[in-house]
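There are two complexes below, and they share chain A, which is joined by chain B in the first and by chain C in the second.
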Partner chain A sequence: MAALLELKDFHYSYGAIHVLKGISLYVNKGETVALIGSNGAGKTTTLRAISGLIPSQGMKNHIIYDGKPIQGKSGDKITAMGISHVFEGRHVFPKLTIEENLFTGGYLIKNKKEVHETIAKVYERFPRLKERRTQLAGTLSGGEQQMLAIGRALICKPRIILFDEPSLGLAPLIVKEVFKAIKEIKAEGTTILLVEQNSKLALKTADRAYVLKNGEIALSGNCNDLLENEEVQKAYLSGK
Partner chain B sequence: MNKTASIVTKDKLGLYAPLAVLILTVPLLLRNFSYGMMFLCFCEIYIIAANGLDVLYGYSGQISFATSAFFGIGSYGSLLIHNYTGLPILFTMIMASIISAAIAMIFAYPVSKLRFAFLSLATISFNYIIFQLVTRSPGGITGDFNGAFTDQMSLFGLSLKSYYSFYYFGLVCVILLVAVKNLLVKSRVGRAFLAIKQNHHAAEGMGIDVRKYKVLAFGIYGFYAAFAGAMYVHLVGYISPETVAQQQSVIFMIMILFGGVCSNWGPIVGAVGILLLQEVLGYAEQYQLLAYGILLLIFILFLPGGVVGAAKKLLTRLKNSKGGAVDHANS
Partner chain C sequence: MVIQLLVAALLTGSIYGLIALGYSLIYRASGIMNLAQGDLMCLGGFMGYTFYNILGLPIFGAMLCTMVSMFLIGCVLERIVVRPIFNRNVSSSALILATVAVSYIVQSLELVIWGGAPLNMKSFLKVQTITFLGVSYQTESLLCIGVALLCMLTLHIFMKKSSFGIAMRAAAMDPIAARSCGINVDQTNRITWAISTSVAGLAGILVGPLYGITTTLGTAMSTKGFASAVVGGYGDMYGALLGGGVLAALETFAAGYLSSSLKQLVAYVAVLIVLFIKPRGLLNVEAVKD
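Presenting the complex of A and B:
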């Protein structure tokens, strides 16, 4: 089976700093893949390159989505192709209400009725958002903002969702809730690429995982195998 | 949602109905005071330009110190087309506005990459370019420093020379253009503007073509400013290059900061308020800029929402204290 999303020998530099040194990975349809690693390993850069938020530096055929190269396309075009990105640090629109944020998420869907239906589904998943639908997103707590960011990403019915550090800065109880939602989304068959600092949680959520170290893939495999891998345990799971 | 909307309009009907009557009958009250009528005509013109700037700055978050340049493109554009071709004035006004919108969009295409400080520098330079073009025009077609004359407003052969008749023409223009703006900013286009203003990365992540909408906002702004400029030139029948000067652009910016951005009433209150202030300060001309500077500082520091924003805040606070139960329980 051809992968839905594939990176082939992908390099990225910020000026003179070579951040990604030829990483290769793939995500099959319906699969949840985690990308773990320490600070500065290049996880976020990988996601931002996929969703077109950072310029592609002249290379063409290293990011393949659904059989087509997408490198060099602008972010809005990539979103329109069905790749949704839940940003690190959430990035909701602070001066719009929850409902307006969700409507903005449905920007690509021209059929108003369809948008209303999907928003209703998001409210079902996160009842707390419904309670506060007229509240400005900037006044929500971190956990609620994360739920809004996830809900907003779901509105345009993406084929693959990129999650960037969904647990960042959240209380443990809220993290649990957020990951419960991610597991539900996974169970519904949406393909997921998950970047996460909390390696244990990521490995328990995903099917397969890649370990990123200094811009290179150090290890990859099934999550269950990685959880028992001595090297992984020592480097990423100790104390957690 | 529709329910709440209809309740609000019923609530406000008591306020709007007398206001509408006042606006319609004001020329009768000012029958022997043509200076006052002229002032009201100027208010209409500046309200239109300020609304254009509100779309650009308030909604799409792009600052511009080139409003008087687009205002001038409208004035000189309509003047030149009318003087050289003799086409009907309303037609040349619209033509000049469309040309201005096109120029604004061409200007915005490269400039849309720039943010706040650099965008203001780019717009300031653009304003200087237009000023230079107007004062040193090829063949002196704009009358250079002397300014230029044209016909006063007429519609379908009907002369609207007097301030009284121009007032009603202006009123129709204001209502039309403010209504169009209102529809626009409440549509998905308006949401796209607001999303870009608040976080352009996230907006792109929603599938919004950021550059397209930034350019579109400039186009709308260019149209509104130029239409106001064209109204101006056919009200006065004359334009001087001073109207296009950089200083005037700053005044437009002060208008919407004073009135408040992102609202229907903000640009209206701002335009009328600043014009009134100009009347009051007319006798102390050398201190005008000082007064604007102080005013601008006060508004940026203490009243970022402008007069209208502050009034809205006060109203909700009053309502909350009346209603008692405020939803602070979980925040």
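Presenting the complex of A and C:
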């Protein structure tokens, strides 16, 4: 099976700082793949490079999506191709209402009736958002903002969603709820690339995983194998 | 007298408000002050004069043509001046200086094309005054207030209800998240500059019957617009309009009840008081970009 998304020996530098040093990874259609590793390993940079949200000058080699190279395209074009991004820190639009935030997620869809139908589905998934639809997003709690960010990413009916640290800064109960939603999205057949500092949670959610260390892939494999792996246990799973 | 002063204040206030609107929209989108705002307003005045007095278009036609021309000028300005400097990721002072340069260039071009003498617009309406409940009003003032309010209302509906308007607000709040929603942020920024320029141009026509049109008017109006925007809450569309109204009311009533030589003094002491009490402006807008 051809991969939906593939990085081939991909490098990224912020000026003189070499952040990604030749990353190769792939995500098959329908698969959920986790990218774990400590802070500063390059996880967020990887996702942002895929989404076209960091300057293309620092990129070297290819990011292949659906058989075509996409590295260096602008973020709005990449979203238009079916790649959605749920940001670390959520990045909801604070002074737009919940409904406006979701509506903005469907910016590229010409048929606004379809957008409203998809918004209704998001409300079914997250009833709390529906109750607060006219409230400004900036007034929501962290967990509600995360649900809104996920909802917003779903509106344009993406083929693949990139999740960046969805559990960050959330209370355990809320994390549970967020990951329940991620598993549902996975079950519906959407392809997922998940970056998560809570490695155990990531490995329990995904099918396969890559371990990123200092800008390089240190390990990769099936999540079940990685959960058993001594090195992984020692470095990433202890205390969690 | 109160009612006449109120009408005068509304007229001046809507002009200040329209200029302030441009300041706030551009600040939200590009994070800078566009100090060319006042001179772009003048350019609108000169264009309005050309369409109305010289080419003989009806007044609403002249307004529309001016707004469309100014919209295009705003697009060009963003494309050839703002964007290239913005893309270099330099400090915002470079970009602000660029707008100063634009303001002088616009002023000089006006001088070359229309000359230095003040131009007077033909009156907009045949009937000069109407009397209602024993008070007589200048019809021109009422027309100008009406047009300004209509423009503000249209903009409000556009920003709140249209997909592109919501996208413009989203892009101004968080460009990266906006891009990931599929919004072309360069495009929304360009339209922001275009709308701001267009609205300033409309203010330029409305100012015609009030002050006449001169190249030097821009600098003064630029300050008024900026003050209005900050007093209302810098970066907030509605704050800009409110600030324009408040500043104009202070000036007008000070001139009416005290003396016209005191109007600036009263108005700007009040501005300082607002800054002391509510440094974020009347609508309490956060000064930082969110």
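As a convention for this text, the second predicted complex is superposed on the first by the 236 of 240 C-alpha atoms of A that agree within 3 Å, B and C clash if a C-alpha of one lies under 4 Å from a C-alpha of the other, contacts with A are read in each partner's own complex, and residues count from 1 in each chain.
Everything below uses one rule, namely that a residue touches a chain if its C-beta (ideal position, glycine included) is under 8 Å from a C-beta of that chain, and two chains touch if they have at least 3 such contacts.
Quantities reported herein were computed from a predicted structural model and do not represent experimental measurements.
Novice: After the alignment on chain A, I want to confirm one thing: do chain B and chain C clash, or do they fit together?
Specialist: When both complexes are placed onto chain A, chain B and chain C end up clashing with one another.
Novice: Let me test your reading of the model: by the given contact rule, A:13 touches which partner, first (chain B), second (chain C), both or neither?
Specialist: neither
Novice: Looking at the overlay, does A:224 come into contact with chain B only (first), chain C only (second), both, or neither?
Specialist: Neither chain B nor chain C is touched by A:224.
Novice: Considering only the touch criterion stated at the top, classify A:76 as touching first (chain B), second (chain C), both, or neither.
Specialist: A:76: touches chain B and chain C.
Novice: After the superposition on A, what does A:53 contact: first (chain B), second (chain C), both or neither?
Specialist: both
Novice: Taking the superposition as given, does A:152 touch the first partner, chain B, the second, chain C, both, or neither?
Specialist: Both partners.
Novice: Now for A:108: first (chain B), second (chain C), both, or neither, which partner does it touch?
Specialist: both
Novice: Kindly classify A:93 by the partners it touches after superposition: chain B alone (first), chain C alone (second), both, or neither?
Specialist: Touch partners of A:93: chain B and chain C.
Novice: What residues on chain A does chain C touch that chain B touches too?
Specialist: 51-53, 74-76, 79-80, 84-85, 87, 91-96, 100, 103-105, 107-108, 152-153, 156
Novice: So in the complex, the part of chain B that touches chain A is made up of which residues?
Specialist: 188, 191-192, 194-195, 198-199, 201-210, 331
Novice: Show me the residue ranges of chain C that touch chain A in the complex, using the header's touch definition.
Specialist: For chain C paired with chain A, touching residues are 163, 166-167, 169-170, 173-174, 176-185, 290.
Novice: For the complex, which residues does chain A have touching chain B?
Specialist: 51-53, 74-76, 79-80, 84-85, 87, 91-96, 100, 103-105, 107-108, 139, 152-153, 156
Novice: Hey, which residues of chain A end up touching chain C in the complex?
Specialist: 51-53, 74-76, 79-80, 84-85, 87, 91-96, 100-101, 103-105, 107-108, 112, 138, 152-153, 156
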